[in-house]
Amino acid sequence: MKLVWFETVKTFSRWRTYIGFSVIALIVIITEVVMRLSADEILYRMLRSLEKDFLISGNVLNGWFVTAFIMNSLHIHMPFLITLVAGDVVSSEATSGTVRLLLIRPPSRSRIITAKYITTFFYTAGLVLFLGLLCILLGLTLFGSGDLIIHHYGRFGIIYIEEAEIPIRMLFAFIAAIWSMMAVASIAFLLSTLAENSVGPIIGTMAVVVVFLVIGNFPLDFFRSLKPYLFTTYLTFWQRFLDDPIPWQQIGSSAAILGLHSILLFLIALGVYTRKDIKS
Amino acid sequence: MKKRVWFIWFLLLFSAGWAFAQDDTARYLDALERKYSALKDYTVDVKVHFDMEGFNAPDMQARLYFKPPDKMKVESKKVFFFPKEGGIFNPFVFKKEAFDIRLLEETTYDNRKAVKLKLYPKDTKKMKQSFVLILDIESHQIREFHTSSDEREVKGVIDYGKFKEFDLPTRIELHLDLPFKESFEMREFGQPAPAPQRVTGKAEISYSNYRVNSGLRDDIFESPKRKK
Amino acid sequence: MEETFQREIVLRTLGLSKKFGKRWAARNLNLEVHRGDIFCFLGPNGAGKSTAIRMILTLLRPTSGSIEMFGKDLHQNRQDVLSRVCGIVEKPDFYLYLSAYKNLQILGSMNRSVRSDEIMEILDVVGLKSRAFEKVRTFSHGMKQRLGIAQALLTKPELIILDEPTTGLDPQGMKEIRELIKRLSHERSMTIFLSSHLLSEVELVATRMAVINKGELIAQGTVSELLGKEATDYTLQVFPFHSALELMGSLTWVKVLSVGNGAMEVRVEPGQAPELNKYLVTHGISVSSFSPHRSLEDFFLKVTGGKSEI
């Protein structure tokens, strides 16, 4: 526990850690202000296909909707911000040379690497929760509250979640998002144990995520057949908490797949780190 | 010569019959118009239950305002979806001047005399859909309607209650068969354009707490238009 | 009693070897460090000193051989053993974005609970108390070196391992570190294991030493055993210069090699350097400097019998 605390102190004492938070704050504030200014246009585009047949009233463009809208881009910008720290948490010790002070202490390498992984989790969770809370608080301030209407692109699918039910669903969605992002963080973490600087792990992780996303979305049957085997396919499983009914089985399998990825990547990192010769 | 006389006679007879038939079927719409001529406005609480594939929503409630000939407004604190076609009871649509009317059959509905009429809009620019109505001709109530236009089909069954001197719906069951095409703007990166699809299902609307002829002002129907 | 104390071995390596690819960085090292020693691990750059120290401090996994500390196998008793040891490998690197105090708190607490007053006391010992709450980013190399020793002391280790502790320091900084090492040995009874490639440094602080070259141990023993056996050259600064020159001309066991710039170079028979110093002083010569003029290269050539490649 002490080790985790020290790792947390170290991580959160660095300005690099706050890049992610600052970028998220910037994205959320800009997006929500622009959405507020373009509310009519957004509503028109959003509801155009539905308003031919339905009268729609009430606060559709509310803080919850805006939160879900911004969260949709989670798998695009969050991995990059997460790798900034996850890709650096181990390698920075090698870069700065502090690894030589750290690993000659009584705590075993496996305890140290586990503490670093837990800290990575804290950072990832902090970043996702920060995104969520900022979206919600600013969203509710600018757009007010209301029921959440989710429209799935590509098929007629309207999901109506009553206002009272939204907070708990959002909480689950954020937990799921943290779980997803931990899979990304785990890749960066593993690469960080292999590298002596953070550039490689950051670029490497982003390359994996982007390549997998592109492969998974390429409109060719061959690539579509690969999709179930790509972890990026499951990164947005948090959205299932905004389905009705909640597809628990699908959520369970997605969470299991991502969880297995995270565990496996961590175990590899653990194995690498405990056997690694510190030559730097 | 004889042939020509017969032809003219036949033509006169047919057109007279047609005119008589028009006049005869128009009386049903006349009666309907007379029945509701004193209806100046109404306010009603509505509750909608959707039973449609792809539409997962709990029952929704709202207050509905109506003023003839076609002013309407829905007011709800919560997000509210309401079928545009057939959800708002408006007998003033069925003006005899606006339609070519054909009597499809004389029939019974709940053991009462009824007629089935087909209404073709005369001005197809103004009104695109045609209607089939089943009218209870004893009480001059529209009991069923079926409207179709382009790709849309809506069928409605109406139950009535008495509010002041007016028969107004207590329940309308709508069967919807609607086209759905995704708007391009909502597409995300990498998502292919989806094929148009059909949305089918049922919407059950219950009406309660009517307030009739309460003198609704026109300005309450004004709502700011959205910029596009 | 003194003999028993001296013989207690706190660090022993048995056949310690490390191979990187096809190259042996350290081969079959058998070192013994006794309690209370200032043990100097001497060798030229690239000789394998750091590799050996990294294995001792668990940074590198030995290819073969074993390490015992305090009579226990290091790898089987890692936590217990390392809680009694501390060190600095190469240059002391810290978390630059944290203060000296925070660095010590984090690093020290990994061994045991440390109190705030303990941290301040240690910072006082190394002369950094006034900079305790400044970020290490602002520290000079010498200050970091002293902070490195502070972090080692904070854990109250029985054995301190220092890898080239004076590298990169100016003469004043080197002197301070040397004095600190001696003080720690004398005042705190700590065993100190340090590596160096500077023979002069070794002579000034070490009690025992080992010599390594190309990964292999060449010699091990007390400093006098290893350095005192051969005739040695010295540089002398004396006054009056000509009187001293005349006096030395009469001594058979001293040979004047060169004279110039107010100094002279002389070669003295083994063990006779103190005698020469005493002789000059008793004959009214003021000796301002009497320093051995011996290069590591010379020393290696001697201990390896001319087979050394430095």
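Order of writing sets the labels: A, B and C. Residues in every chain begin at 1.
Here, a contact is a pair of C-beta atoms (placed from the backbone, for glycine too) under 8 Å apart; a residue touches a chain by one contact, two chains touch by 3 or more.
Keep in mind the model is a prediction, meaning the values are calculated, not measured.
A.B. asks: Which category does the touching pattern between chains fall into here: line, ring, star, complete, or other?
C.D. replies: Here the contact pattern is a line, an open path with two ends.
A.B. asks: Looking at mean CA positions, which chain is nearest the middle of everything shown?
C.D. replies: The chain sitting closest to the overall C-alpha centre is A.
A.B. asks: Using C-alpha centroids, which chain lies at the maximum separation from subunit B?
C.D. replies: Chain C.
A.B. asks: Measuring from the mean C-alpha position of subunit A to the mean C-alpha position of subunit B, what distance in angstrom results?
C.D. replies: So the centre of subunit A lies 49 Å away from the centre of subunit B.
A.B. asks: Using Cα averages as centroids, what's the distance between subunit B and subunit C in whole Å?
C.D. replies: 100
A.B. asks: Please tell me the distance, in whole Å, between the geometric centres of subunit A and subunit C computed from their C-alpha atoms.
C.D. replies: Their C-alpha centroids are separated by 51 Å.
A.B. asks: Taking each residue of subunit C in turn, which ones touch at least two of the other chains?
C.D. replies: Expected reply: no residues.
A.B. asks: Taking the complex as given, what residues does subunit B use to touch subunit A?
C.D. replies: 53-58, 60, 62, 72, 74-85, 87, 152, 176, 178, 180-183, 185-192, 194, 197, 199, 226-228
A.B. asks: Once bound in the complex, which stretches of subunit A touch subunit B?
C.D. replies: Those in contact with subunit B are residues 40-41, 43-46, 48-50, 52-60, 72, 146-147, 149, 151, 153-160, 162-163, 213-214, 217-219, 243-245.
A.B. asks: Quick one: in the complex, what on subunit A touches subunit C?
C.D. replies: Going by the criterion above, the answer is residues 2-3, 6, 9-10, 13-15, 96-98, 100-108, 275, 277-279.
A.B. asks: Mind pulling up the subunit C residues that touch subunit A in the complex?
C.D. replies: Counting only subunit C, the residues touching subunit A are 54, 57-61, 78-80, 82-83, 85-98, 102, 106-107, 109-111, 151.
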